[in-house]
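Each of the next two complexes has subunit A plus one more chain, namely subunit B in the first and subunit C in the second.
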Partner chain A sequence: MNMSVYGMLLVSSLAIGSIYGLIALGYALIYKSSGLLSFTQGDILTLGAYLGLTFYSILGIPFAISLLLTMACAFVLGILLEKGVIRQLLNKNVGAIYVVLATIAISYIIQNGSQLAWGTIQLNFPSVFPVQNVNIFGVNVRPEALMCFIVSIALMIILHFFMTKTRFGTSMRAASMDSMAAESLGIDVSLTTGVSWGLSAGLAAIAGMLIGPIYGVYSTLGSTIGRKGFSGAVIGGYGNMYGAMIGGLILGIVETFSASLISSTYRNLIAYALLLIFMFIKPTGIFNERAIQD
Partner chain B sequence: MAPLLELKDFHYYYGNIHSVKGISLYVNEGEMVTLIGANGAGKTTTMQTISGLTSPKGIRGEIWFDGKKISGLKGHKISAMGLAHVLEGRHVFSKLTVEENLTMGAFMRKDTKNIKSDMDGVYKRFPRLLERKTQLAGTLSGGEQQMLAIGRALMARPKMILLDEPSLGLSPKITKEVFAAIKEINKEDGITVFFVEQNSKIALNTASRGYVMQTGEMVIEDTCENLMSNADVQKAYLGGE
Partner chain C sequence: MYKKILALVLSVLMVLSLAGCSGGNDAEETTAAPAGETAAAEGGEEAEGGNAEGGEAASGDTFKIGAYLQLSGGNSAYGVEARNAIEIAIEEVNANGGFNGVPVELVVYDTQGSAEEAVKIVTKLIEVDQVDAAIGSINSSEVLAAAGYLNDAGVYNFGMGTSPTWMEEDWPYVFRAAMNNGNAVPATVELVQLFGYTSVGTFYGQDDNSLTTAETFEAACEEAGITVTASESYDTGDSDFSAQVASILASNPDCVYISVMGEAGPLIVQQLRQYGYSGIIIDKESFMESQIDIAGEQNSNYIAFANPYVTYASSADCDDEYMKSFLEKYEAAYGECCKTDSAYRGWDTIMCMWEASKIAGANDSDSLKDATHQISGLQGLGGTIDFTAGDREAYQTVNKFILVDRKNIPVDQWMEEGGYDAYKEATGNEK
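Moving on to the complex of A and B:
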């Protein structure tokens, strides 16, 4: 194999890896704010892909604006999910495992609901750019794959600045560290938690709209990606924002290269074996988060 | 004039557990009042319910602050009315820096331009915090964390501060320092103070009036001077004969 093949592999692994990273970031936000695992991430990605397709291709809205609209819809959905379902269940003092089960139920409802709305046939997400390939350092790259990576990284950087440099973002971190202290200082913890769920959903939906042009849009699009995103979150250190990004990227690189260099049959086997290896050898992940051990 | 804080026949239930059994108390503006009692008496429950940090389902009776009924309101709403709370066990944000912790204390203030000078005020009062302002709060010693928790509460410019066991786990020397600061906050800044303390001796020496709780009930209330000479109090809380 020559260098340009490696270059292409690298770009596609960074593209899918950053999608895993966005999903993993959502798992981290939800875990930090509510101490819960939500299995809705993957199906919100699917919904995001369908919504994006609808705005962009059916309604003819420019791609960037479609992306923002998709994110806004998912943001509201995430807040409604937390306020309407999760919080209500927690108020009934049900165990955390029931809440997690409820998120699985919701994920199937979203998946089936999308089938109902958009049908069962795989839809084609039209290209975003007029060219098929761009040439970077002698490597031919699909511009959509490049966009996937660049937009994801940009979102991660924006989120980092929001969480560390703004007062509201800092208050979200404070509330996730110690909700009682946060509330006693005038931070509306119910609001910060809702916003965390909203952001998680928004990131997942954007991921769907970014991957749509590459993978096509179908109702189980997010199922595998959701699980891989979860693996990425564990590998990085469950609950750690930076670990989520790194874990997602590592997973994308490992599975893409091994699928190509070994055999694509083993793509999932290798990805999940990596997850298990981390669970046994380093359960706190790369960023040493205590979540899994506690 | 009505008291700044008043509890009227206040009860608290954790589910079926009747933890506070009908207590009444008041704190006037500018006062420094203490609440003492053995472990499990219901002091923390009382303090946290005043601040809206327990589930409102368990409340019976009424809590009034600054002329308004606050029992049942959410914590962040009560905090915004000018009631700060230094929680038992300090509760600093361990993975935020000292400075970020202080910023969070000023979270709901609108007068953002005064926040910097108030922060300097906190650093002046607790110079150890200035030296450590970029350090994560979780890496501070117990005494420094307590100072940070107090400083963070002051950043809200409250009318009143509740403190729950400020001496918990601190050496006698640091305890003295912390109580000197609490006295200053009351005398110099004019902030009303109501605090819970296991160390009854230092509590009665610091405050002007005191309440004594026992297994959910209020058993004595008096000036600290009288409480110190009260035989029952001496026997139960001051280690006297």
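Moving on to the complex of A and C:
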């Protein structure tokens, strides 16, 4: 295998890894804000891909604006889910497992709803760029793959500044650390939690729209990616935003290179074995987040 | 107050959606014969009784066909198109006197893509609906799980999956009016040889059909002296195939063979092209219109395959009179052309059953089963249907095509017209 093939593998692994990272970021935000586990991320990714396809391809809206519209729709959906379902269940003092089950039910509703709205035939998401490949240092790279990586990293940086430099971000962090103390200081914890769920959904939807042009759009697009994103979150340190992105990237690189250099048959085995290894040996993940150990 | 209303609305929506999702098996779709045709049929010949082994005789007012198809979930478009074609075919049958004067009625259940559901449905078809015949899913795994129960109950039935596996079972009541991917393998190997290739890299799915066909292909290649340079696979649900593509291309094969299912096909083709592979791709079956839409027209060039038939963008693109007539009927009924060949399988299945009823002069399962073995020279959408070989398969031959500029051209014609030289010139490949 020559160097250009390794280069292409690296770009592909970074592209898929950054998508895992975005999904993992959503898991981290939800966990940090509400201490809950949500299984809707993968299916919101699918919904995002369908919404993006509708805005960009069917309605002819420019890609960047379509991306913002898709994120806005998912953001509203995320808030509605938190306020309309999750919060209502929590108010009834149900166990956390019921909330997790509710998110599984919601994920199926989103999946089946997408099938109802857009059908079950795989749809083509047209290319965003006029060229199919660009050559960078002798490596043939699909511009959409590069876009995945760059946009994901940009989102990570934006989110970092939002959480650390803005008043609302600081409120969100305070609410996640001690909700009672935050409330006593006048922070609207309900609002910060809702926004966290909204942001998580928005990130998943953006991930869907980014990979749509690479993988096409179909109703189970997010199923496997959602699970891998969860693994990425655990590897990085469940609940840690930076760990989420790093964990996603590591998972993308390990599974892509192991499939190519060891065996493609055991690609998923290797990916999930990595998850188990971390859970047993370092449950706090790379960034030493104590969520799972707690 | 507002929060409570919102919670109530969302809860109701969720419950309704869940009911909709889980109600697939209970939601029964029935296509009954038009009243006029039923009246006409009443004057027709009464169906004869069958013996105990052949199940209940078709002695009712209608000949009831039960179908278990995937109508929801990923890849359900294939099942939906098959059901559409079955409905058109039944209309045609009923307009022409039904099965020996008895109008045909269709009962359809949704398997949701699950072999377990298929088994439950088949049990219901046998015990509750007491169908006279049955049609099995496009998904071979469902047919493999369920057709045995129909066979044991002595119910005349056809499967529509293309895997070799389930037809290897000793099930005398089970037939197929679609291609057998395994039977197409020798023709596929001939394609490799025709292009002068001596090595091939294979890429296959882990599902039963893709895996079995790929294994048969690799064994046939070995026998023909063709080297398999790399053998890569993927799991259902995977969307990134870059690692496998890189490994295959690194092994430097003359061509790439893909044995894959549904939505993976166009993604693999797309990623092969993206990684710079411009050579001929050999597919285990036709590369359909729906797949070209995803992979892109340019990327879909030079995909060769052996299959009885191909798909068309519209009936206007089709030159074959019988196929054109079917496509026009489909377009008239559903407003657009079918994008997958599963519609062809549905139509051919009903036509085979109809032909068997004509030969048998009776509608009981045993008579239909025996008569099916006598079908010969019947016009099918993929050519001549012939069951006389005794293997319960309709199509004994396949045609070789190559996809160029969104047109499926017979390979012999393409070679004669200089297509291969044009391909070499366009791609810069030596072969």
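One rule holds for everything that comes next: the second predicted complex is superposed on the first by the 294 of 294 C-alpha atoms of A that agree within 3 Å, B and C clash if a C-alpha of one lies under 4 Å from a C-alpha of the other, contacts with A are read in each partner's own complex, and residues count from 1 in each chain.
One rule holds for everything that comes next: a residue touches a chain if its C-beta (ideal position, glycine included) is under 8 Å from a C-beta of that chain, and two chains touch if they have at least 3 such contacts.
The model shown is predicted, which means the values in this text are computed figures rather than measured ones.
Within the superposed three-chain model, A:Y108 lies in touch with subunit C and out of touch with subunit B [touch as defined at top].
Comparing subunit B with subunit C, the partner in contact with more residues of subunit A is C.
Judged by the touch definition given at the top, the superposed model places A:D188 against subunit B, while subunit C stays out of reach. Contacts of A:N288 after superposition: neither subunit B nor subunit C is touched. Within the superposed three-chain model, A:D178 lies in touch with subunit B and out of touch with subunit C [touch as defined at top]. After overlaying the two complexes on the shared chain, residue contacts for A:T166 are found with neither subunit B nor subunit C. When the two structures are aligned on the shared chain, A:Q88 is found in touch with subunit C, with no touch to subunit B.
Residue overlap on subunit A between its contacts with subunit B in one complex and with subunit C in the other: absent.
Here subunit A touches subunit B in the complex through residues 167, 170-171, 173-174, 177-178, 180-190, going by the rule given at the top.
The residues of subunit C lying in touch with subunit A in their complex are 3, 6-7, 9-11, 13-14, 17-18, 20-21, 72-77, 80, 206, 232-235, 237-240, 242-244, 246-247, 249-250, 262-263, 266-267, 273-276, 290, 293-294, 296, 339.
Those residues of subunit B that touch subunit A in the shared complex are 48, 51-53, 74-76, 79-80, 84-85, 87, 91-96, 100, 103-105, 107-108, 152-153, 156. Chain contact summary for the complex, subunit A toward subunit C: residues 1-2, 5, 8-9, 12-13, 15-16, 80, 83-85, 87-88, 105-106, 108-109, 112-113, 115, 119-124, 132-133, 140, 142, 211, 215-216, 218-221, 223-225, 255-260, 264-265, 267-268.
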